[in-house]
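The chains carry the letters A, B, C and D, assigned in the order they are written, with residues numbered from 1 in each.
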């Protein structure tokens, strides 16, 4: 795919993700780790404006000089401002303003991408693509948080029910032989710096499940006192459980004696055969400990996962 | 004015105040003391629905049973909910939903108010009017906070410049004789319970300025080290100054060496002849102390203010 | 009593109060509002050294120049120090050092007080006396807190049981007529500035109990749901109850189904006929509200209390 | 060494470490990570009482049943207590009480250790020895914190100056070949569980300095803007620097333009040839980054350090 097509495709997909949102959904920031969707829209745009258009387009006029402050993410290097501006406090720029900003920058980018690119610009462009795709992931996670923590539990988009899975997952443990393995990115194209360098690690023989833990299995853990027995937990994790009164994974709600799960289609009866998700590291570690196992290390996971096609059942 | 006309007039005025807002401005809650404008719109509506329509209209069907949770203000009495809902986290109900809620309730109210009212209902209605008017004041204060703490400093509504005041205020101190005075609400109509009971107080002779402190005077205080000399401040106030790095009243910004004031028309050069406003109790007390005076007590203020027409110059 | 005798008597009494303490009890600061006893001992000494000896004794040599930092209470005016020094973190100066400091200063004071005093010095001396007596009150309150919040509940000093009171208190409400009253210090000698100026207040007719609320009465309030019904509480007070899980006055402990009260003689069965004490303003206001009454204002209390001999039964 | 001799030697050494302390130094807890010395003395004693004497000595009578609450470290499993007990709030038990507790337990242990031990008891005994030795390390670190954060900077114990080192350290970088290495405890005797299991790791070729970073080198980092340039720091580390106003390692104080270092002998001129110590992980990582290097991983460090005798110069 040429750069122009790629650019359009990525930029369009971000907007497509926001399509089901109401204006109000773009604005809020329920917790510090969530960014308002309009900030994601603005920030990814600011990236192309700041690192490509301002650098490589002679005479480029920025859309609004104030946006540099509002949409950059390196607050450290920005001069002191007189007022405190949490992302979730900002009603302006409006969503409409942000879409106008996107269009303005996209138009300039499209024009630029019709020419041949210098090597330097090409590299920044690729970072911009990957940067925006990373924010697409964050965006979905943040949208789910915003809607799933609203007492009305609005659906993002009601999907027609997928064909019901009827099998019961029957995990097998794959044995991985001891030996020297290589991990890290081995491809040709773009990768983030923390995926490098490709390097060797020694792994002792270990076994790893070929299936993800299901909600049914996680429920067993809960019903066996998972959240009340500190023996399963890291010390930090147990403090987290007690301080926050954690009793179930995020998005699980016991309503009238029945476990419900907030999904992008709204509240649903908990599907026992689906993989458990939105559990924290602490919960995952406690679950493993309850099972008499432990979590895989990063290297064990990477090698185990590379070994076959994961999750084909899901 | 009959009740129906009064009802319409008050309800319309609330909406009129929101007229200059963008959808996004209705949603945010920058600090705990500010409520999102859409919450004010919903809450005042919830009052009429809950205390009048549900009580007095047979067969009344509530607009949405969930709104009772979202728009009541007595969180204490509401049963435990599984999720944490700060007002400023809630993107739903949308602004459009809230306006639909207002219309639904207003229609029912208008119909009801065409009949004659029981004494009991009349009393609740009057509370509802005053309750909404109180929220209109809060609304303006909250809107100013939301816009005035945005780094873009958007104007609420740019007014054509008022005719420039050219006089220099020359305050005089009014002497109030010692004696027994009556304070508290003395009228016939509605008042809030904390304006009662009318009662006698003894005041020693005192003097009180017949004009409000101006920005010019307050600036003198600042330039004389008002915010750096702890002798002027209550102990609590000084802690507040130091903890928060307070250096000027809220909404004052020194930009390129010039004091600017955020007003509903946006950032403006500080008008030296206007009354200083948005100062906290601590700042007012420190200013008075610097002047070698003290703040008036509530009773001194009420009697002093009743004595003549205040603020006719402003 | 001449100044020298007064000085000795006050200084001795402070030490007498500390007599039952172990060295360790002098050191700790369980909460920010409590000062370690050794700090009280040092600070009252520092007062005489700083404001009398350093001012009026030619060639006076301070005991230790560092103590000015350690024992002053006006941290605001002290230059920045490189380390954070909460009073309760300081193991040094030791208790022995502090007693040596007291002796050093007392010796110099005793010598000085054998001469005639200037008017100016006399005034400061009187402040020093009253300042130390104020700290004696704080000292007892702080000692009780330190011992009463230790899981071993050590007694300060076990008193032989006072003769058991056998009567049941039967409070009467005194009616105070409406009228102009004078409040504030009216004597000749020393008083603190907040006891001045003597001034007139108008009081409406009111009634005030001639006896203090007993533990029995307070227990009635508790057993009638005093700590669980938010209607009795100020909004701030209710937040305090909920945030801190308050269920009884400080020092009350329900042990094996029986209310115990930590007293200076250690844990004791709650004496139902004693006045309730160590209740906060919030608790007092909630109790009054439950009774269908309200707390007296400062002026009502001062006039009501001046009217007869209080507490002769206790 | 037989168990009895070992027991006595370890128990004595703990007390020896406390020898220079004043009673007051045993009591305070300036920060949450520091435990009061008397708690260390009591806790290590509680270990032998709880896991050996109570288990293996028939009819053993505990010194004080309350101490189980005061000196255990597993607060999680202890039933709810009515009062909050931070270790640093507790003036009782006194230091004298704690020494009596030690003596009581030691006497019983000495008697027990004169008999032959079961395998099970032997294992617990070894844990007790190592547990106490671990607390000896903590004790020294906590004592230094307590004294070194006192504004009087008391010395722990003034040592006669060691013979002055005159050489300038000249570090060399040792090259470690790539390959499979074994790490983890390989000995016969006791080790903690986190030193196990002995396992293989693959290391890429790397270089590691054969000397520790000196204060002189660390000062170069500081003078080159180490604490003001966020590029050197992890994001978390930079937040730590800014939030806490960190400008130098703990215990370094610039006094009258000269760097002083709080040592166990009190404040001393900074010795430029000594290894930099009391730097946090963040500071170590920032220093390495400034050097154009990185910190060694745990495995790199273990293998590098095993390769030759470290620190023979210090």
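We adopt the following convention: a contact is a pair of C-beta atoms (placed from the backbone, for glycine too) under 8 Å apart; a residue touches a chain by one contact, two chains touch by 3 or more.
Everything numeric here is computed off the predicted structure, so don't read it as measured data.
Undergrad: Keeping to the contact definition above, tell me which chains border both subunit C and subunit D.
TA: none
Undergrad: How many angstrom between the C-alpha centroids of subunit D and subunit B?
TA: The answer is 57 Å.
Undergrad: Between subunit B and subunit C, what distance separates the C-alpha centroids? Give it in angstrom.
TA: The answer is 40 Å.
Undergrad: How is the touch graph of the chains shaped: line, ring, star, complete or other?
TA: Drawn as a graph, the chains make one closed cycle, so a ring.
Undergrad: Along subunit B, where are the residues that touch subunit C in the complex?
TA: 76-77, 180, 199-202, 204, 230, 238
Undergrad: Which residues of subunit A touch subunit B once you look at their complex with the stated criterion?
TA: 22-30, 66, 69-70, 81-86, 88-95, 146-147, 149-152, 154, 253-254
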